[in-house]
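Note that subunit A is present in both complexes that follow, paired respectively with subunit B and with subunit C.
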Partner chain A sequence: MSNLEKPLLDARDLIVGYPSGGHYSRPVNGASLTIRPREVVGLIGDAGSGKSTLALALMGLVQAPGRILGGSVEFGGQDLTKLSEDELRAFRGRDISAIVQNPRGALNPLIRIGEQISNAYRAHTRATPAEGRAKAIEMLTMVGINDPERRVNAYAHELSGGMAQRAMIAMALAAKPRLLIADEPTSGLDVTIQAQLLDQMWQTVQDTESAILLVSQDLGAIANYCDRVLALHDGKIVEDAPVRQFFAMPQHDYSKEILGLHHAQGDRFPEQVSDAANDILEVEKLRMEFPVRNSDNVVHAVGDFRLNIKAGEAVGLVGESGSGKTTVGRCLVRLLDPTESIIRFDGFDIGSLDQRSMRKFRSRIQFVFQDPFDSVNPRWSVSDILIEPLRQLADMSRAERRKRAEEVMELVGLPVELLERKPRGLGAGILQRINIARALICEPEFLVLDEPTSVLAPRARNALIELLGKLQKELGIALLFITHDLTTVRYLCQRVAVMYLGQIVEEGSVEQVFTAPRHPYSQALLEAHLFPDPDHRRVDHPSDSALDGEIPSPIDLPTGCYLASRCPHADETCRSIPQNLSVLSDGQTVRCWKAEHEEEPAEMAPATKTG
Partner chain B sequence: MLKYVSRRVGVGLLQLLALTIAVFFIIRLLPADPVARLVGMNASPEAYAQAEQQLGLHRPLLTQLGVYLGFDPEIAPGLIQASLGVSWVTGEPVLKEIGTFLPVTLQLVTLAFVFAFVLSVPIGMAGALNPGGGADKGVFVYSLFAGSQPEFWWGLLLIYLCFFQWGIAPAPLGLLSPLTSAPEPITGFLLVDAVLRGRFDVLHEALSHLVLPVICLSFVVSGPIIKMIRQNMMRALQSDFILYGRSIGLPKKRIGRYALRAAMAPSMTIIGILYGFMLSGAVLIESVFSLNGIGQYAIRSVLNFDYPAIQGVVLVIAAVSLVIYLLLDLIQAAIDPRIVY
Partner chain C sequence: MNEFADTTFAAPKRRFNWLFAIGVTIVAGVTLLALIGPYIGPYDPTLTTPRVSVPPPSLSEIPGLLFGSFSNTLEHPPHWMGTDSSGYDVFSRVIAAPRTDLTIALAANFVSLGIGAVLGLLAGYFRNWGTELLMRVSDVLQSFPVFISAMVLVALAGRSMGNIVLALALVYTPIYIRLTRAEVLQKKVAGYVEAARAMGTPEIAIAFRHVLPNSMTPALIQSSVTIGFAILLTSGLSFVGAGVRPPTPEWGLSISTGANQIILGEWWPSVFPGIAISITVFGFAVLGNALEERYE
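Right, the complex of A and B next:
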């Protein structure tokens, strides 16, 4: 890409306003940016910073009742803000096209996807319905959907999230646009699918010589696919830098802040806790089965799960959706009653206690849920929310409870004035801190966190990780950190356990597992994960350890190794003999007889080095 | 699909049975004496006893129920023998009587709904496409106005203007003028029979008599239908797939079609509920225009304590409503592929 080339899109001082009480609020307020042909540009910004509004406004589209109040968007010599609605319509899809998050909501639920792609194509050509259908099949093949002749007849709800997203890419690219605006195209998808999808999108755009504007909160996706990064803050583009420069030397305060953790951590891994520390939690055995309605089958959500956690240690539990991570977390705090278990907490077997006897352990073991909004009562004040566990579990006076609430607010770094507020209007980041404060109020020794950062914007996510690290060090709380985001595990945890189909397949220190994963599944997972490191971009190093196919049904489990149907190294032995978790000489455990025999770390690109 | 339909029909039959039994007892709980009503207050005790015996009311309650359901065919045929009993007032089989009254109402209500629907879709769409605009405000006033006045009042107003003042409508005296001979019934639906018998003069006459009541009824029911379509259409227009459709440049017409289809499925529900309601609720319109519909029959039966007729009307209206609901569920499934039976 040469800087001399004329820009494809040139937006100047763009302002988008929504009427609110007599005047306009301006989520986009004077944003200027350019995109050159064949360039992949990342647009990053906090939640509510106006990224999506800006992305749509670049196509002259504003969700009613908003309006473009000023500025210009020049594309191919025309100012899009001056075109009529009809001229704009012709422009969209043909010259600039878009894909958005939540693909299943963005596809028409009532019409077959083949017909939708055909409609998109025919909106810009004189093609007949038959030609449209042929085009739909061609596009579905191009975005890597198996069996496109059958899939053209599918409805959106019959597709998985990843497949629906591909169908949307097929629709967006049907008329060969010169610019594709991708707004959070992979949020909500699993890491392996996310990587495949972005690869496919990147490749397709390279083949058709289009440019991409990738709007994302995920620094990993930005680092791996973009040539240039734009940061949006307060409705303006505050930083515009080549990707390496952006990650190495961010200029604006906002960029510095979101990359702060990344820079502070560098190549180091979190320090291990001392060997002398006691095991606060020993899970010797944990099995959880759910009955299937109207059938004798059961869903084997978790089978043969074992894990020890030392006092003050943070252990990451990672795996794709459906691997049983959340079920494990809920069994450990006995929100679910496991089918079979020996769970020793501080020496007592809490796995078989009834809910009454479990009560006296409740103050010592706490849980933080994924969605910060759903896990608090919206009608209560923050103070009521925090104090509720004390009312239930502690014998304290009103004044003592109030004092304790103020203490935990300080602990999680929130002003005590918030105690009188209601959850409405507080941001996700602040609410998640309140959830953590509520979990801390009874001074627990062990905290289970289920995807606590997944709905947070980068800034709030960084702050939360720093907070958890601090709590762990200062209060000596042990953490089980359930997540699909390997980057946060790398920042926070001492050890990591990788789950697949209800089993742990590998477990060890974060350093061991991240630098030299031994199980083929961990290898694939780490390789698919997009680390925020522009020096080892995925697009520059084609990968090979990707897994084929999809996760098997947890109702009919395979006889041998659970991964055998997808593993590139599988042979007859793997398919027939069940695999056991074995401890290797360096303390790492792995559930793979081949890895066990080799005792040599499998080779793998050093994807975890940071810049 | 077939399994679903047969299950729904099966459940429907059970519901009808429960309803029949409930209605049977509830009517007999009323502090009324149908025998006295029939023979008169001053009848001799012998005449009273004889009438009671004729009506079968001397038998124990459970035996009466058994007879009605058809377990004692030697006394009288019942439901199992496809008989709804005999009217105590006219002595005619109730089924036959309903067969002449019900089609009049079905004809009226169906025509009114078709008319209201055809009217409501474009109006509701116009409102949704430009919320707060002129069309939208007009619709708001219209539905407020139409819904706030009782339908018989609209009926009287229309008769006064169209028949009395302007003379453009026929007299509100039933479907046919007394001089016209009705065609021999085939289906019981006069409009259908007229076509089948080739009596187009009758068809024309019946239709012109139906114009005012249909307008009147559709005027009343179109208010909620328009509201429903407008609301669902607005929701559809704000959905992600419409925004996305716009972002890839689909033509305006296509966007409108996407949104309309999405708005249609939930709007079907209100139409079903209104239709079931109007089967008996059209009685005021029927009275005003002297149409002998099922509502008239129901009122006549209630006023005469004609137990078999009351039971028959309740049963038939419930059965028709159940069929309508089933049909609408099937239409909904045809519109929305996410609904699978």
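Right, the complex of A and C next:
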């Protein structure tokens, strides 16, 4: 693509303001950017940095009561900021269209999706309803929806999240726009689906010769699909660089900060804990079933789960949503009562203790929840929140508790003054540190973290992961880190266990699993994960280990290997014989008879190499 | 974009809420009367005067009477709202009545709020056959017409202020049980509840310390509306003879006494207390509305 080509869209000094307290706050304050034809441009920035506001403003859209206060958006020779609402409407959909974050919210629940796509198409062409329907089928085929003739008649609620998002893409691209603005198109979707979807979007846009503005907080998505990266900070575009240059040599401080973790680690893996260390946790058997209401069925959330964790060791537990990761975490800290279990903590079986006897262990095992906003009582001060475990579990005077609260605040890098505040108005990063501080206040030996970084913006996420790494080294706590973010596991954990449909399918050191995954599911998961590495872009290396479809229902489990229906290597044996977890010669365990018999681990591009 | 060019914006938070202001003013006024009403009237509200069925002064007489009452030149203080057929000064009784009405309404509200919130918490937090039974009982209570239930209860237990309070509290408790329970069902799955459980906090402590304080907002907002309607119900009970005993100053009682004379053209003993009830109930209702808008 030639840089000399005339830009498709050219925004100059764009300012968007929202009235607040008599003046305007300006989430976008003088942003300038260009997008050239057929180019994929990434826009990255913190949550609340105005990414979405900027993306919408490029289409002349501002959510009331905000307005565009200045600047210009030139597109096809016209300044969009000067057009009337009617003239703009002609532009949208035909020349620029958008995909928003929440696909189900954006689709009309009362109109069949085929008709919605057809309407979007017919709004800008003179097509008849029949042609519109044909177009809808064509578009649904293009975005990779199976059985499009049937799906055109579906309503939004009949589609899964991934399919609804595909339908949105089909609708956005129906009139062949010259620019597609995709605002976090895959947030909330699973990694495997996310990769499929972005692949499909990328491919469709290549075929229709459109340009994309991909708005994302995810460095992985940016690195894998974009040609050029724009960083938005303080309402301005602070960096505009080709993707490799952006990742290799970021210029602006903000870019350096979000790429900090990525650069700090390089190619190293975390050091292993010495073999002499005792097992702090031995899960010999863990099964958890939930009854389904008004039926005799049960949901097999976790079946035959086994895992050992050494004192001071960080273990990552990864898998798609619905794989039972969180249920395992909750069973281990006994927030749930497992159906069947032998969970030995420091030699004692805590799996079948009643809640009263469990209290003895509460100070030694703690849990950090996924949603930092939800996990602190909004009416309590930070100080009360922190010392609640001490009140319950420790025999301490008021002054001692206060002193301990100040210690843990320091430990997680927060100012002591915050103790008097209430959680309201504190950011996700700070709240998650408070949650971690609360978990640490009783000096536990084992900490379960349930996706602690999933709602954080890139900067806060990096800082939190660094903090966790530091805490683990300094305090020698064993961690079970539940996540779907493989980049984090690679940075933080010594060992990793991959879960699928309530079972561990592979377990080994992070180095073993990340460089040579043996189970087809781990291979697919690693393949689908978007590592922030522009030198190994997905779009440049088509792969064959992708899984078909979505995770099966945990109510009717398959007879043989649970993955058989999605696995590219599956045969009759796989479908009929249940698979067992077996230990290989190098200590790695895998639940796949084919992998056991293979002499060499499966070939795999070193996807984790960094620049 | 340009359609906003001539519009000026003020942040929504700063907008002065007229409804809220009116509600607060009326509620404050009624509360003030409940405190000092019986002492500031020109006559003792519980004693009759020798002048029966005196109509209120006409508009043209008011300035003269005002001057007269300030300069102390009248033979007796004026009857601003007239007197009723027994010789009670209507004005003195109207401003003394909030002490009775508001006390009953507030007491009934807070008794039912207290009981309702605790039962609602238990019903929402611990769901078992006992709490399900509680909910069905409260359904049955709620399915009787409020007025009839209160009337029957007072008729059975006797016409005292305490019994009226209890009767009203009983009919309002199911509302609070329901409101609190619905909120508790949402709040009991919050992360901070699980976090408290993970640190070994006993369930009952989690329910009262974490869930209850976070589930009270709808019930507190409902309070304002309930107080208004409790005043209306108190008056209604007096009107049908199941309320406080005369000569306690009470709006419903005044209306009821005056009602017999309306046919003779004596409208004032009933109309003035009626207006007072309307304004008060309106005040509490708009306050409730405004609070609801603000906190939801």
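We take it that the second predicted complex is superposed on the first by the 610 of 611 C-alpha atoms of A that agree within 3 Å, B and C clash if a C-alpha of one lies under 4 Å from a C-alpha of the other, contacts with A are read in each partner's own complex, and residues count from 1 in each chain.
By our rule, contacts are C-beta pairs under 8 Å (C-beta built on N, C-alpha and C of every residue); 3 or more make two chains touch, one makes a residue touch a chain.
Keep in mind it's a predicted model, so treat the numbers as computed, not measured.
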Partner chain(s) touched by A:A106 [first = subunit B, second = subunit C, both, neither]: first
Partner chain in contact with A:A98 - subunit B first, subunit C second, else both or neither: first
First, second, both or neither for A:L335, with subunit B first and subunit C second: second
Partner chain in contact with A:L179 - subunit B first, subunit C second, else both or neither: neither
Subunit B versus subunit C as contact partner of A:M171, first or second or both or neither: first
Which of subunit B and subunit C A:I477 touches, first, second, both or neither: neither
Contacts of A:M59 with subunit B and subunit C, given as first, second, both or neither: first
Contacts of A:H157 with subunit B and subunit C, given as first, second, both or neither: first
List of subunit A residues in touch with subunit B within their complex: 56, 59, 61, 63-64, 89-94, 97-98, 100, 102, 105-111, 119-120, 123-124, 155, 157, 168, 171-172, 175
Residue numbers on subunit A that touch subunit C, as the complex places them: 19-22, 60, 62, 65, 67-68, 81-82, 84-85, 333, 335, 355, 358-359, 362-363, 366-367, 369-371, 374-379, 388-389, 392-393, 435, 438, 442
Residue numbers on subunit B that touch subunit A, as the complex places them: 238-241, 243-252, 254, 258, 261-262, 265, 335-338
Footprint of subunit A on subunit C - complex, ascending: 1-4, 9-11, 13-14, 190-192, 194-201, 210, 213-214
